[in-house]
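Below you'll find the structures, each written out as structure tokens.
Okay, so chain A shows up in both of these, paired with chain B first and chain C after.
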Partner chain A sequence: MKIKILVVTIFYLIGSLNLSYAANSEKVDQISKNLRCLICQGQSVYDSQSDFALSMKILIQNKIDEGQNDEQIYDFLKSKYGEWIVYDPEINKNTVLLWVLPLILFVFGGILILRKVSIK
Partner chain B sequence: MVRNIKLIAIVFLVIVSFLILLIGLNKTNNYSPNLNSSNIDFNFKAKFLYSNEETTLYELINDKDFSLINIWASWCLPCRDEHPYLLNLNSLGKLNIIGINYKDSEVNAKKFIKELGNPYSKIVVDPSGVNSIELGAYGVPETILINNNSKTILKKYIGPLDDKKLAELKMIIKNEN
Partner chain C sequence: MLNQIGNYSLYIALVSSILIIIQSPILLNRNNINVSGRIFSLISIQSLMIIISFIALIITFIISDFSNETVYNNSHTSKPLFYKISGTWGNHEGSLLLWLLVLSIFLLIFTITSKNLSNKYRILTLFFQEIIILGFLLFILFTSNPFMSLFPIPNEGTGLNPILQDPALAIHPPILYLGYVGTSIIFSSSLAALISGSVNKTWAKHIKNWVLVSWIFLSIGILLGSIWAYYELGWGGFWFWDPVENVSLMPWFCLTALFHTILILEKREMFHSWVVILSITTFSLSMSGTFLVRSGILNSIHTFANDPSRGVFILCFLFILITLSIFIYFFYQNKIKNNFTKTYIVSKETAVLVNNLFMMFFLSVVLIGTIYPIFLEVVNNDKISVGPPFYHKLIVPFLIPFLIFMAIGPNFNWIKDKINKINLQQLLFFILSIIISFIFLKRVGISYLFSLPLFIASIFLFLITIKDFSVKKTNLSQKISHFGFSLFILSVLVNGVLAKEYSSNMKVGDERQFLNKTIKFESLKVNESKNYQSLEANFKISDKNNSINLKPEVRVYDQPQTITSEADIKSTLYSDNFLVFNILKNDGFYNVRYQIKPFMIWIWISIILISFGGILSIVKKNG
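What follows is the complex of A and B.
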């Protein structure tokens, strides 16, 4: 019985430790998942263990501790590394085709289907 | 006839895609954002390597017309290769070369300088790498040329300096004067 209680308390302690750890970096995880690791192709800052990504995560944590919100942090990083760092590109002169093209294709495809259906 | 057209079309497509890939090979895949004067934060705080005092970038770039910020580490092999170029640039006497020691141990960093010579007028340490991120750096080595008077970035090199970059740097300094 005593052993059982001991085991349960140990597991509980480990569990609570993990929880507090997760709570600490959850915000960092959330932000770093939206950031492109610029020196490792095809990985987010969250996934990467490169020096660049590790420093980036520390910086994000610092900014959060300073009381900055997500938007401010993204803006800060964009001012340093350009639009490319965020996975979600904004609509501007250079990216307008990126946003509009799927819409055009969607409408075009819709017209094609409608025509086929009406012919039948 | 129809068969011929199909064949020609396929050959044509293959050649075009091959050409696109060939051109793509020569394109650099290093993405670098546009340099912008507002991109540098002069309030950045860091500690000196040889003393424990804290300083800001404003204090670091106050003398001479140009500053060259060089991010380096003793564990970084390309940094070793580019070190003679920094010594060369320092001998010009027109540059205020600032070293940022990136994620390094103090002992190794000092050993590196003792072994290869010190081109830096000041060296600050960046143990967590956060200062380098604040400067918009990617890693080591990286070199940024700053005009001290206008506080603007004139040139930024990702990767080690070489003969070509050295000549270019000298050219920029000459032209700006």
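What follows is the complex of A and C.
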């Protein structure tokens, strides 16, 4: 009885948790690790137990069942929720500096060192 | 009453700070006087006052004096004593007071331990340190005062966020702050050394201890945070490349580069400017870290404080400090002795430079990855997320040469070494690493692009660092730290490759098969604790030879009413068994997530080893 009461309290606190978890395939896990849970604070869809994350996992599972590949699923999600949802930003004119700046710094530093030291 | 004591002590500290700042330029021109006299007593008074105010705050928390707003917002009478105390720094105001406390105590220690150094250098260090202290005092008194009074006095507080009620997280902030704040001394003293023209051997020797101490505390602080994330946040990972985690990692890279370089300054009188630049950068990163976390600018799980006015203050303060240091650097740069001793490509000096290059690269990846999304959003309102895949893609390809280099580099001689010393023995180890990696990956069945070279490099480093224990040339503390690092990389890799996970919905009494194990949901019961109720499940995991019981909980805390999920973890030397469960609406079903995490404990042990190397190095030098 005590257990029942506590379980009910927990439901009441969590709010509307009306989706059941499905045992997800490895593919869903792999994709959902790269997705931000939009309503959580700094958690991936994979890690989150929120309504949003759960329905997202079901959505991905459905897409996989429809026969879509990873890229198609990511593209679909990006078109629906924006770049914000993926943890792995694609390279475009907005993000080119993000990807390239560290590499430029490395090359620059390397040149600096090579100029300082003498080979012989 | 306690509020007044705390407040007045802080104001007295503020006055002492201003007095010291005014007096130091005057004393600077009198070379014959020793710092001891008046300035020393002012610093002592200041530290004493800050200690008193901190103790006052702790007592207010212990006796749950809700006439104090901070206590009201962050504590509750039903909380265990330990968390009442840790609640003191588990909030914005209190944690800043802790920063200030460490700042002033470190300054006191610096003043006492630097007696045999030049007067000018000491006074200048005091001067810069006092500017930082003044900034923090103003910030605390005018935007984040922990001693605000409430009237009428509430009967009960609102409580501390339950996920912070945890032993590892209770001591995580103080330890991390000791690391952060230690870098302030490095900053102040490097500027002082720059102005007084004493960036040299003696200074390097003196400041090296501070670098090491900060580095050790920072390492252990990061470790505690990771352990907490591992068992409390319930996803079974220990590092998520979350902005708040990144913020502690950035000064760590910088400090690591710094204490390698400072050895060269000490032994060979080289790289003076670079050491100064690194010192300034390290502290700027620590301060920026505080700014990023405290301003609430980051969208992150760890951000518990949100107040833009505070953010603006820290941003201005940060801007002033950085501009000031850049200005001082360029103004006094010519005072630095620039004896360009020739550096040969195969030498310890070059090895350290290459170490620095990699450290700066890793730093820039983390820095740019953390702040780029903020800038992009400000500039054109685009929101992007930068998460684990980004960091892995940029860091892993560079980690491979870095590991190989780390294996070879430390054995180079000073000044000039022969290239053909990369000898038969090392070649043999390398071939051995290739064979081991190949067999291992074949058996596990992994074929990612970088996994083979990554395994080869880390096994190579691992073997070499073990072999190096028999070599006399390098010192023991270095060997331990380097071995610890190789063990760390290897454990993380093996852990990542061999981790197994199972998730399913189960009822009490259900049994599931996973790999060669049986997971049985045996029972469920309710526990009552002082400030929470919990639903405790009992799972039996058994295979042919033995069985273990895991008892994860779902807790309902009263104040504030929150649910947390407590994983149960059984660690052995080989692997961790990790189990969390959650409640489902489908009557009687629970979602169960079971993970096997190989070599998890070695990740923690290796970080302790890395830090232990640092501790040993300090003890040996002073013993």
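The definition used in the following text is that the second predicted complex is superposed on the first by the 94 of 120 C-alpha atoms of A that agree within 3 Å, B and C clash if a C-alpha of one lies under 4 Å from a C-alpha of the other, contacts with A are read in each partner's own complex, and residues count from 1 in each chain.
Note that in this section a residue touches a chain if its C-beta (ideal position, glycine included) is under 8 Å from a C-beta of that chain, and two chains touch if they have at least 3 such contacts.
Because the structure is a prediction, the values reported are computed rather than measured.
*Asks:* Using the superposition on chain A described above, determine whether A:G82 touches chain B (first), chain C (second), both, or neither.
*Replies:* It touches chain B and chain C both.
*Asks:* Tell me the contact category for A:I58 with respect to chain B and chain C: first, second, both or neither.
*Replies:* In the superposed model, A:I58 contacts chain B only, not chain C.
*Asks:* After superposition on the shared chain, which partner residues are touched by A:Q68: those of chain B (first), chain C (second), both, or neither?
*Replies:* Neither partner.
*Asks:* Looking at the overlay, what does A:P102 touch: chain B (first), chain C (second), both, or neither?
*Replies:* A:P102: touches chain C, not chain B.
*Asks:* Residues of chain A touched: more by chain B or chain C?
*Replies:* C
*Asks:* Quick one: is A:S25 in contact with chain B, with chain C, with both, or with neither? Answer first, second, both or neither.
*Replies:* In the superposition, A:S25 contacts neither chain B nor chain C.
*Asks:* After the superposition on A, what does A:Q43 contact: first (chain B), second (chain C), both or neither?
*Replies:* After superposition on chain A, A:Q43 lies in contact with chain C alone.
*Asks:* Could you list which residues of chain A make contact with chain B in one structure and with chain C in the other?
*Replies:* Shared contact residues on chain A (touching chain B in one complex, chain C in the other): 41, 82-84.
*Asks:* Quick one: in the complex, what on chain A touches chain C?
*Replies:* Per the stated touch rule, the residues are 2-3, 6-7, 9-11, 13-14, 17-21, 23-24, 29, 33-34, 36, 40-44, 46-47, 49, 82-89, 94-95, 97-99, 101-103, 105-106, 109-110, 113, 116-120.
*Asks:* Inside the complex, what are the residues of chain A that reach chain B?
*Replies:* Residues 38-39, 41, 50-52, 54-56, 58-59, 62, 79-84 of chain A touch chain B in their complex.
*Asks:* Which residues of chain C touch chain A in the complex?
*Replies:* Its residues touching chain A are 233-235, 237, 240, 242-243, 299-303, 342-345, 347, 349-350, 353-354, 356-357, 360-361, 364-365, 368-369, 372, 376, 380, 382-390, 393-394, 398, 501, 503-505, 524-526, 533, 535, 554, 556, 561-563, 582-586, 589, 591.
*Asks:* Using the touch rule from the top, collect the residues of chain B that touch chain A in their complex.
*Replies:* Of all residues in chain B, those touching chain A are 29, 31, 33-34, 36, 38-39, 102-103, 128-130, 132-136, 138-139.
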